[in-house]
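The following blocks contain the structures, represented as structure tokens.
In the two complexes that follow, chain A is the common piece, with chain B as its partner first and chain C second.
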Partner chain A sequence: MSELTLGYFLRRLGMWLLTIWIGATLIFTIPRLAPGDPITAMVERMIQQAGYIENSADLIEAWRARFGLDGPWHVQYRNYLLSMVRVDLGYSLANFPARVTDIIGRSLPWTLGMVSIATILSFCAGNLIGALMAWRRVPAAIRNILPVSLTFTSIPFFMFGILLISFLAFKWKIFPAFGNYGRGVEPGWNLDFILSVLHHGLLPVLSIVVTSMGFWALGMRGMMVTTDGEDYMILANAKGLRSRRIFWFYGIRNSMLPQVTALALNLGAVAGGSLLVELIFGYPGLGYFLYQAIISADYTVIQGIVFMLIVGVATAVLILDLLYPVIDPRITYSKGQT
Partner chain B sequence: MSVATAAPPGGSPDSTRRGLNTWDSPWLNVKFLLGLAMVAIILLMAGAGPLGLYDTTRARVASAPLNLPPVWTNIDNPFFGEPDPEYPLGTDSDGRDLMAVLLVGAPRSLHIGLIAAGAGMLIGVVLGFSAGFIGGWWDAFVRTISDSIITIPALAVLIVISAFVKNLDVVILALLLAAFAWPGPTRLLRAQVLSMRERGYVQMARLSGANTFSILFREMLPNMLPYLAASMTGNVSAAILAATGLEALGLGPTRIPTMGMTIYHAMYVSALFRGMWWWWGMPIVALVIVFTGLFLMTVGLDEIANPRLRGVREQ
Partner chain C sequence: MTTATTINPADTAMVDRGPAEQDTILDIRNLQVFYSTPTGDVRAVDNVSFKVQRGEIIGLVGESGCGKTTTAMAILRLVQPPGRIAGGEINLDSVNLADLEGDDLRETRWTKLSLIPQGAMNSLNPVMRISSQIKDTIRTHEGKISNRELKERILQLLQLVGLPSRVYDMYPHELSGGMKQRACIAMAIALDPVLVIADEPTSALDVVVQRVVGETLLDVKERLGVSMIVIGHDMGLMAQLVDRLAVMYAGRIVEFAPVESIFNEQFHPYTQLLIESIPSIKEKKPLKLTEGLTHDLRTDMQGCIFQLRCPHVMDICREENPPMRALRNRHETACHLYDDDGVRLH
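This part shows the complex of A and B:
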């Protein structure tokens, strides 16, 4: 009985909402706990930059109203949550006519593409390496070489990125150091553009894959060792099944679920780490624009991007949760049976 | 080709034949000890300044000549100065002695991680134990909250905080990091309590009239130590990672030099492009030692906690 029951779906949806609500509440609370009035500070900074702003008092009032800072806190909070539900994140302060949602809409696809490809590659490669490390039928020579691929595990993504840039981009000039595609390339579905995107995206992806692969490999190794001791593995062997079949359909299949759980739990950390990777590589995703917003004190964009990031990670976790029954049919989600 | 050799935990059969061998303790795990040594070296660096072994005041701006390469190099570039044994790791473009920055900053990064992970662990012990033992609605509540906090990217929320609060204090930063460090230990402890609650020795203790408090802390906690320690080192690493990321964005504490801040300064004046590799290289090497040390400790502690992991290699 592996179907997705309505109860399970609703519970997961509830978790998704709860996560986003906690995140939104944090973003709401933090600026209000900070000393001083962020709106006034913001407008003062704008005046400093622009030299003179004609109607700064009006602007402060308008922003205060926009932020919902002009009422009792529970009204402010309600209005804030309502605007979040409508995905109305307001205007950018630094580039005024631009809406925050426009900036996010432009940068999100790049982040989404880069981070999801990197995460999937690292998850698959890491799990395969880990499984092979624990698999006794693999020649010992290979099993002993595999851990070498885990050398860079635990180093922050962005630091490995700096190393990659300094060697592969500056010293040997094999890969470009900045950007998402070459300057003279016309964006669109043509080969030049796609190749250019791949060429530019390889180093950021590599810096995430190489440094996070080992985490999955170690987890998988542990699970595989445990699975290998199970009775059904002995039976599969005794039945004379081919070693490759046992490895994929008995070993990996059964060791997979805790790894998927771990993936869901670590997506937040991966997303956070990738912000810095984008910054290092000048890759125009959320992290890059977040940094631009930080240096120009563009609070609405900072809040908007962080909110989107929380929503994105929560959604990815929700999708993973809903995929569980497919990955592991042993688990039933109906409430009655346990 | 044997499928499962259920080797007794604790090593080869002849060691059991010879009786207890003091050198056979699972705590003498090579990975764990190597990692511990790496972390200890970084921690001991903090002593260099106060003990007068090195003049760490030169970590300040404009206390050293500019752009000196490290001592062992031989760079022919008129832009950089001559290597000076006085400044073994070279200096940066703002006149900081990088050796002094290393001695002051590297232990500091570790301190932040230790405070954050320690505080997170404390919260985790309280919540995890109470959730596992009390059960019911409290368990459901703790589990739900920790499951949802764990997916929120800590770095992103910290960026919002430090964008609004300028000049974060080191301790405050550590405590903010702790706010995101507790769900891991909480989940772990809750699961452990649930699985240990029905074990024989816990039931024995309960039968002999031990109270809940003493069952939790005298019977269960010692058995969880390796798990807790592995979770702790992992958390220290995660906290340092978040703190370094924040600093590398120029958002960390600005009064004391830290490794992340050094990377930020180096990136800010494009040291990468100017070939001043020793500037950004120093913090990276220091942090790689910290992270690799913590990682080896985590892996070693995992093997200490789970004897099955030790067996694979021996085949």
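This part shows the complex of A and C:
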């Protein structure tokens, strides 16, 4: 009997913490390996704009202290880790009084909602299409139409996004070209707002779903063909079970297992890819602000957003890890077999 | 079990088409299963006819590829493309299974005939508990049943095949090979079918477990009065289990006899070689039946199908396909070597 044991949970949680710690360390290290210094760069930019700034050297020193960039590297590292634990990501360099956590707090829900809905939709639709393509009881006519839905997989999703915008937003004006909800709409739990959010979110979600579901479909088709040849499928037929039950509970249920592993492995890429989608659709999520931050060399915001992405992906993997033994009883929670 | 039926695979007209005997539950007539290949149909099962009486266990033996499993799959209507049932009748309880389609076929499956699969190792769905796999079978065919009644029934089944009740909540990977096989037997009798087909029920099991599974099958047969077709290579199991033994070669039945008589006396040269090749624990003996030289199954061979490997081949064997004839002791064979009384001609 597989039961979720505390030991298993703690081990997974440990992995989660380790992943985040390594991620945070990389974020800390990489900018410091690069030549140049963000504060000097910023002050120099200000000098260029204003012509001249008095005591620029003092200013640089003061700001360094303010952003925790003074002192030896190990002190900086300790302070950095402490502030990460407190979820204090500091101030934005480009928009100074704004705190990084505020920027992330405003954009994270949009990314989280859009990306998770798109990922779940693409995973479900792709797997279902793939399974049907391999299922002999589906009429041949339908089975031959299904691969057509996968033709968009060969198009990069940002190209597809641009296509969607140019036709559905600019040419026919069915959908808005950018933004997360309409201007005249009051945010809150009211129908207008929800409809507006759906209306604005549909194109970005569509561009991710349509271009990524082929990946799932092809994997699922292969798995389903293998599963269909298993002895338990023959027995399921001999038992006279309804075709639908065999398809879901014997076919898909078993073929799904490697797909869930693939999902866990691909979550990072999914999150990275969605950043570009946000940019194309002017969707004010993490990706959009990350791009703005990169343009304006806003290191603290870059650090903060990348850190959030690492935490997000690590958390999603943690959830899948905890879920996996539930969907495959052969994976036990006990030590040595996970 | 009083009649020795005359079965003639070569000549349909000679097959007894009178009213089926009271206790015949399965009557297969001229069954043909072909696999289509780019170079023509492979005749995997060619003109096989036999009857199974109520409460009788028939053994089906022969070398790999002789059509044993294909025959079983045809009876269950589970022949997968590119295979197909090319002809013949499979009358189970007066219903021709070969004609059934769609829901009629689905509803007949398991309620009337069930399968104990080859390689029980992989025949259970690895992500479902044993109880759920028996439950879904019962629910599909009998509709809504209360969980309590269902549980009681399944526990009874498990007990019948000698499994402890904790198996109820277990997953297949938590069971040993023998336990899995017995779980499959429990599942096979869940709906009280008239016929159970066991496809190599003891392959991949150690000898002790083979014995236990064999005894479980016998026990089940005696308690439920179910008929069985047992397929296998294991002559020891056959001797222990079956009432009559059918020997298949290249898609046809070449000899069919009560099991006690076939081990004493074999008529068909193939059966002789097959029985001789059973390894003995007491002595080492050379293997006489060699591999290879089976005729091309894509052609309808002229004469006897065993002529290429037969040590006693005669001129007539190359000309005429020997019909299945009843000799003595309810012993039937398809061979030119004997006259109608089973006296060897040369």
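Some observations on this one:
As a convention for this text, the second predicted complex is superposed on the first by the 314 of 338 C-alpha atoms of A that agree within 3 Å, B and C clash if a C-alpha of one lies under 4 Å from a C-alpha of the other, contacts with A are read in each partner's own complex, and residues count from 1 in each chain.
One rule holds in what follows: contacts are C-beta pairs under 8 Å (C-beta built on N, C-alpha and C of every residue); 3 or more make two chains touch, one makes a residue touch a chain.
Note that this is a predicted model, so its numbers are computed, not measured.
Once the two structures are overlaid, the count of chain A residues touched is higher for B than for its counterpart among chain B and chain C. Of the two partner chains, chain B is the only one touched by A:Met133; chain C is not.
Once chain A of one complex is fitted onto chain A of the other, the partner contacts of A:Tyr250 are limited to chain C, with no touch recorded for chain B. Touch criterion not met for A:Ile120: it reaches neither chain B nor chain C.
Legend: residue contacts after superposition of the two complexes on their common chain; A:Ile234 is shown touching both chain B and chain C. Look at A:Arg242: by the touch rule set out above, it reaches chain C but stays clear of chain B.
Judged by the touch definition given at the top, the superposed model places A:Val75 against neither chain B nor chain C.
In the superposed pair of complexes, A:Asp328 makes contact with chain C only, with no contact to chain B. Residues 136, 230, 234, 237 of chain A lie in contact with chain B in one complex and with chain C in the other. Interface residues of chain A facing chain B in the complex, by the touch rule stated above, are 15, 18-19, 22-23, 26-27, 30-31, 34-35, 38, 133-134, 136-137, 140, 153-156, 158-159, 162-163, 165-166, 170, 218, 221-222, 225-226, 228-230, 233-234, 237, 264-265, 267-269, 271-273, 275-276, 279-280, 290-291, 294-295, 297, 299, 302-303, 305-306, 309-310, 313-314, 317. Taken together, the chain C residues at the contact with chain A in this complex read 76, 78, 81, 105-111, 114-115, 117-119, 121-128, 136-137, 140-141, 169, 171, 173, 184, 187. On the chain A side of its complex with chain C, the touching residues are 1, 136, 230-232, 234-242, 245, 249-250, 253-254, 257, 327-330. Remark: chain B residues 1-4, 6, 144-145, 147-157, 159-161, 163-165, 237-238, 241-242, 244-245, 248-251, 263, 267, 272-273, 277, 280, 284, 287-288, 291-292, 294-295, 299, 302, 306, 308-309, 311-312, 315 touch chain A in the complex.
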